Amino acid sequence: MGLTFLQGIISIIVIMALAPLFAGMVNKQKAILTGRIGAPVLQPYYELIRLFKKETINAGTSSFISRISPLINLVSMIVAAAMLPVGFWKPIISFNGDIILFAYILGLARFFQILAAMDIGSSFEGMGAAREATFALFAEPIFFFTIGSISFISGYNSLFDIYHSIQLNNVSYEVFIIVCSISVFMLAVTECSRMPVDDPNTHLELTMIHEVMILDNSGIDLFLYQYSSYIKLFIYALLEISFFYPFSQKSNSVGILIFITGSVALTFVLGIVETITSRYRMKNIPQYLLFATAIGILNLLIYTFTK
Amino acid sequence: MLEFSIFILIPLASAGLCYLIKNLRVQYAISLFVSTIHLGLSLAVFLGLHHTLLPTFFGVDSLSKFFILILSNVYFWVVLVSYSYLKRPVMPRAEEGKRFYFMLLNFYLAANSAAMLSSHFGMYWVAAEATTLSVAPLIYFYRNEESLEAMWKYLFLVSIGIAFAFIGILLLTLSAKGTSLAGGQLFFWEFIRKAGQLNPIWLKASFVFIFVGLSTKIGIAPMHSGDIDATSNAPSPIAALMSGSLRLTALLGVLRIFQIIRPTSSFEFAKTLLIIGALLSLFVAFVFMFRVNNYKRLLAYSSVEHLGLISLGLGIGGLAFVGALYHAIYNSITKVVLFLMAGNIHSRFKSREVDKIRSVLNVLPKTGWLFILAFMAISGIPPLGIFFSEIKIFEGILFSDKPYLLAVVMFFLLFIFVNMGKIIFTMLYKKGDDDKLQSGVEKFELTHFVAIVLLILLVAIAVAAPDKVNLNIIDIAKDFGVKL
Amino acid sequence: MNDLADPGYSLFIVAFAIQLLAIVFLSIRNERTALFSSSIVLVIGLILGLISTFSSALFSSVEIPGRTFFSNWIRLDGLSIYFIFIIQLVAIPTTVSGISYLNHYIDQKRSVKSFFIFYIILLISTQFVVIANQTIFFLVSWEVMSMSAYLAMILEREKEEVQRGSFYYFAASHVLIFILYIMFFLLHHQTGSWYFSDYHLSFSSGIVVPLIFILSLIGFGIKAGFIPFHFWLPQAHPIAPTVLSAFLSGVIIKMGIYGIFRTFLFLKPVPEWCGWLLLIVGMISAIFGVWYALAQHDIKRLLAYHSVENIGIIGIGIGIGFIGSANNLSSVQVLGFGGALLHTLNHAIFKSLLFIGSGVIYRNLGIRNIELMGGLIHRAKYIALFFLAGSVAISGIPPFNGFISEFIVYTGFFKTANELKNYYPILMLMFVVGLAFVGGLAVGCFTKVNSVIFLGSERREVKRFHSSIYDYVSLGFLSLLCILIGFYPQPFVGVVNKVISSGFLNGNSSSALINIDWHYFTLIFSSLAIGIILLYLLKLKLEKKYGRRTSAAWGCGYENLTPRMQYSASSFADELNTIPKTILVYQKEVEISDSPYPVSSGFESHSKDFVDYKIVLPLFNFLRSLAARIGFLSQTDIRYYIAFILIIISIYGLIAFLWV
Amino acid sequence: MENVLSILFCLSLFYVVVTSRVKAYVTVLRFQGIILSVLLVIPFIYNFSIFGIILPATLLLVKVFLIPGYINKVILDLDIKRRIEPPIQQMIFLPLVIATMIIVFLASSILSKITELDVIPFASGFSAIIIGIYLIIFRRKLIIHVCGFLILENGIFLFGTAVASELPMMIELGTLLDIFVVVFLMGIALNRIRGTFAGFEATHLGRLKD
């Protein structure tokens, strides 16, 4: 008991610590691939520290909503992170049905972020909020399609148990992983507002989703938002990675190995994708998401017909 | 002899008195007294406290006991409110009508009691015709074109209908030819006893004639028109009287021949005819509820609907039969309330057009609320009586040999209810364009008192379910060989 | 009469007596004092009732006896006690809020006494409905409930919309009662008894029992507001005085759910198709209920549509329970019914909370169109806070109660899939995704509502916003309940589990509901709350250190932003509403002039109810035109009347002649 | 004897159908009244009883003198136009009537197989009933309606004698009284109608409708 708890604590700390690094690595990859030197890998840390020390400016029309929303964002991200297994370390929060809680905790964060955006009362934030609400609507089904189908394969509905219990003698699993990882990847792209859904470092308000929502935040609020968005990205990355845990015949060290290599590999993937794709037009994004959903449904078919 | 005089002679005598005495108040006192003792006696007879022995051609069985109680109940309340109604500022032409009002009422009571108590077809016929004659001038009370036309139509149509009923009676004697009944008198009980011997063809024919002929008086479609006109143009107490008791008087005749036809092979035929008539009336009510724009006609059509429901129950038999008899009580009481309230509205707004009546609930709050309650009662909302009789009828239909009828009936009832509700609620709620009416505080009148009493009565009969009523209805059902 | 000996029961009686007594206090001449005193008496009565309910077996450890009283007319089994508990729990805050809400009618010189009489009758008859054990008694209390609700609804009767909406309600409840007649007649015929406690049928016997089930589903479904029987609900609930619509949406539509549960108890175990039927109907109601809600601008109409959604979720739960009972899996059954029952309670709580909140807004602003509101959070901080709590709860977001019940339903899905393998997982996954989809839509909808009403700046100038102590008490009480059930669900789950184990299961009882690791929720949510608080303190500290100021929002360089430039409700929801255009009957009216000079241009979006506008009204108009076409009956010439007699006689005569 | 009288009765019906003078109706009514009273007297020719003669006497009084006289009076008072212009031509009406009569006679002769009844009075009575109705349906004048009604009543009376139903005298008298009062009321109504409406035709009474 004590040991597992310790492991859980450690894994959380790891996630929280490495999240900005992951983002930094992605940016670095992009820079290299586009032939730039780019910012150092640790750039996100510097930015966070800088924001930490800045004065907070709230919009005149804003209310306490926009003050508590960043906190809620971060805390719920941390809680979500506390459900993800790192290697075969049992996370702190792991019980039957925690995948549902996982999805809904993210929902909580989203709810308050949208509210905070609308709280400003400017039409830019409104735009962003509306888009967030719309796209999130499509994001939810993707998550449940993939994770749900995996949980049905394994017969468990707790993230840890799922990956702990999947037997590889089930032939379909390899096929399965491909599909799942694609759809989860697209999900991650949507949720973390990366390319091709959203461009994190564009500079036109009209084309942004996530960035425009935090347009009027600064200082500690912005710090919290940024940090939680880093964590979110990393969470989805881990979600992606954890598909590969079952390959490590339950040996803990291999699990850790998968964790590290996987996250590094994922930075490459993200970097490449972000370089070779360009942002979609807003009205095409629903199609994109529906495509991801369709893949989710493909999952089901595989699952049923390869039994 | 005492009962006979109380039921029939004293009303006749008081009719004569009312003709002689010019003072309205005295006439009122006399008629009120008569109606009271009439009610008392019919109650006593009904409760069996008092065993009646009536002269030949008259007799009391459970059916007539039941109906005469309904009659004298309705009549009593109508007489009670009549005076205050006459005292209202009605149209000046009605002065003449007032003179004969009470006389005709008393005459009506005499005739109607005679019809209800008669044990002989001929007697019944004479009395029933007499009720028509007594009611016709009352329809013409307002002395305006509409009422005149209504009276003419009612008088003419019903006289012809009654004539047909007479043919039916003659055919009945014809059917008795060559049996032990031949040349005998047309007593109900004899015929019922020996019904088996009657010639089926003539019996059927006589049923057809009596049913159709009396339908003009009951208001079963498509012979309902005269009734509608009359009920909608008569002064409200008279309308209440007609809907509450006169239609039942006619129904009694149908029931008698129905009772005779029961043991014979033609029973199914009679039932089918009743059901067809009932469905036609429901259909007519359904159609006209979409169009009607005169709230008294609306109520008249609702009477058509409910008489249709009653005859449906009678035709279906079984539990529906019992339900139909209960329905007869509740309907008569509710109709009185509805028509009295409609009378209040009419005397305030001076119009029967629905479009001219606005926001009654603000102008006449008491009347308005009572009207809503009465409407709910008539559309079968518990705990007001009709709910209980209706579910009996419905259940009876559902478990009869024709359950599919229930769907039809419910369809009709539903849309009748919807349209009726639409019209009535428009009258009650919609804001009028002129505000001179809006400022009105209504004082508590006798009609309100009567309405409240009757509504309470409605609930009381339903909830307390007095044993006597139930037993009596069971007796009637037994007489009709209904197996429960 | 030895029933009265029982202390808990006598308290029960006393509670009813006191509630009835409240009517007497309305005879006080002064409206305000009459209203106040009678509401106080009513609340006392309700609280006594609640105490008696708490003292009942449901909330203790002993088995629920399911006792009958008054010569078997009243029966208190688990289900009845549970629902009566819901009724009393919700009735208290609504009544309290009524004190302040109705006073503003009195300010408008409108007498509320008649309203309050019917309100009291409504409360009492509703409680009778759930404890009735005799069919006629049940039907009577049911109709009294519906009609008193109607009569209370028409308080502002001179308004066009009130006439329309209340009439929808009136007609719908009449259809409903007809269907219930047939259903109960069939039950009576099958069992030969008038008492609920004797109704035990099994589906094996013929066509009648499925018919009963279908009828109950339609009849009670109309009351509950399942699509497609929902069309009256968004018409009726908005126009009622808010006190009433809170109670209607919170409790009265749950009577439909109660009825369905009752029928299940009569017919259990049900075959599987019943479960699928309810699952599909529930899912459709959930998705389109919330989608319609998203398209509304009238706050109360929006909330009414959300009732449809939540009823859908409850229906899904019941469906799972049915499937469980069909396959004799008590664990699935427990989860399904548990989710449904708990969601019934939760929805009762947060829906009444939201309605009361909207009532406070309506009272002050006099409008229900959210497009004209905004920025109210600066005027009424606490109202906004309570409303927010309700919104989060209804969207099923942790850590509030809505999430708990939805979680149970989800677990039910997973359980079903794992218990009965082969094709179940796919179907279940479909429903899982559907429910997630509903959740997403709900989030969209309630972010819209909250932000448009409370956040930003006022789109229309608000004179004064006054909220009384009664509002705070009732809203606070309800939102406290939301949080309580969210953070510490064990006792409520235990109660629900007990209700189910008393008579729902056909197998041995299962502990699937209890064994969900509820302590985790308590742990997580409390740590979440603590974390937020700590972070907030940190934030304050930092702000003190590095400073904090407010300035105008970023306008992309454009200086003078006006409130009308904010994102409006229709623009927020537009993208989502255009997806199912045809079903929502969603129309946009855009007027943009192409002249080079700036001229006024506008945008409006409307949504009409599909069932109402494409099915119900056309049917009615068709019948009307049909009736208008039948002319020959409306002759005025007497000669036609006579002709009718002749014709009819000849027809009948012919029949008579040909009759064998 | 009855048969002869019944045939005469039928002839009177034909006359009613073809005539276009209002007065003629009254005459016909008188004529029929006489026939009916004679029919009633016949049984008393052999065994005379003063008591039995009351009914025929009243019948004579009512149907021959009172009612026709009253109708005459009404006609004179209201100076109704003496001629009637039927809405359908005689050439259609008469064949219709004849056809009806034939059908009635055939039907009654068939029915007489079932139960013995003397066909001719029965049939003529019945056809009188139907023709009375026809008169009401195919004529516009209200006064003709009244006459039609009375012819119908006469038909019923004849019919009654045909089926040999012994109603007690009380009731016979009652029926007579009723009929008389009906006619009386109708007369009053006609009087009022003159004061109120444009004319005496059924088409004028068209106010009550939905």
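Labels for the chains are A, B, C and D, by order of writing; each one numbers its residues from 1.
The rule is short, and it goes like this: contacts are C-beta pairs under 8 Å (C-beta built on N, C-alpha and C of every residue); 3 or more make two chains touch, one makes a residue touch a chain.
From a predicted model like this one, the values you see are computed outputs, not experimental measurements.
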* Structure fact -> Relative to chain D, largest Cα-centroid distance belongs to chain A
* Pair sharing more residue contacts (C-beta pairs) when C-D is set against B-D -> B-D
* Asked: If you average the CA atoms of chain A and of chain B, how far apart do the two points sit, in angstrom?
  -> 79
* Asked: What whole-number Å value describes the gap between the mean CA coordinates of chain C and chain D?
  -> 70
* Centre-to-centre distance between chain D and chain A (centres being mean Cα positions), rounded to whole Å -> 101
* Could you please state the distance in Å, as a whole number, between where the Cα atoms of chain B are centred and where those of chain D are centred? => 31
* Asked: What are the residues of chain C that contact at least two other chains?
  -> 634, 638, 642, 645
* To do: Among the residues of chain B, pick out those that touch two or more other chains and give their numbers.
  => 152-153, 156, 160, 201, 288, 291
* Asked: When you check chain A against every other chain, which residues touch at least two of them?
  -> none
* **All touching chain pairs, where touch follows the definition stated at the start** => A-C, B-C, B-D, C-D
* **chain C - residues contacting chain D, complex** => 634, 636-639, 642-643, 645-646
* chain C-touching residues of chain D, taken from the complex the two chains share -> 130, 133, 136-138, 145, 202-203, 205-210
* Which part of chain B faces chain D closely enough to touch in the complex? -> 57, 120, 122-123, 125-126, 129-130, 133, 136-137, 140, 143-146, 148-153, 155-156, 159-160, 163, 166-167, 169-171, 173-175, 177-178, 183, 185-186, 199, 201-202, 229, 232-233, 288, 291-294, 297
* Structure fact -> Seen from chain C, its contact residues with chain A in the complex are 374-375, 377-378, 381, 384, 388, 392, 395-399, 403, 407, 410-411, 414, 417-418, 423, 425-426, 428-429, 432-433, 436-437, 439-441, 443-444, 446-448, 450-452, 454-457, 516-517, 520, 524, 527-528, 531-532, 535-536, 539, 542-543, 546-556, 561, 563, 565-567, 571-576, 579
* Over in the complex, which chain C residues touch chain B? Could you list them? => 114, 136, 139-140, 143-144, 147, 151, 154, 157-158, 162-163, 166-167, 170-171, 174-175, 178, 181-182, 185-186, 188-189, 620, 623-624, 627-628, 630, 633-635, 638, 641-642, 644-645, 648-649, 652-653, 655-657, 659
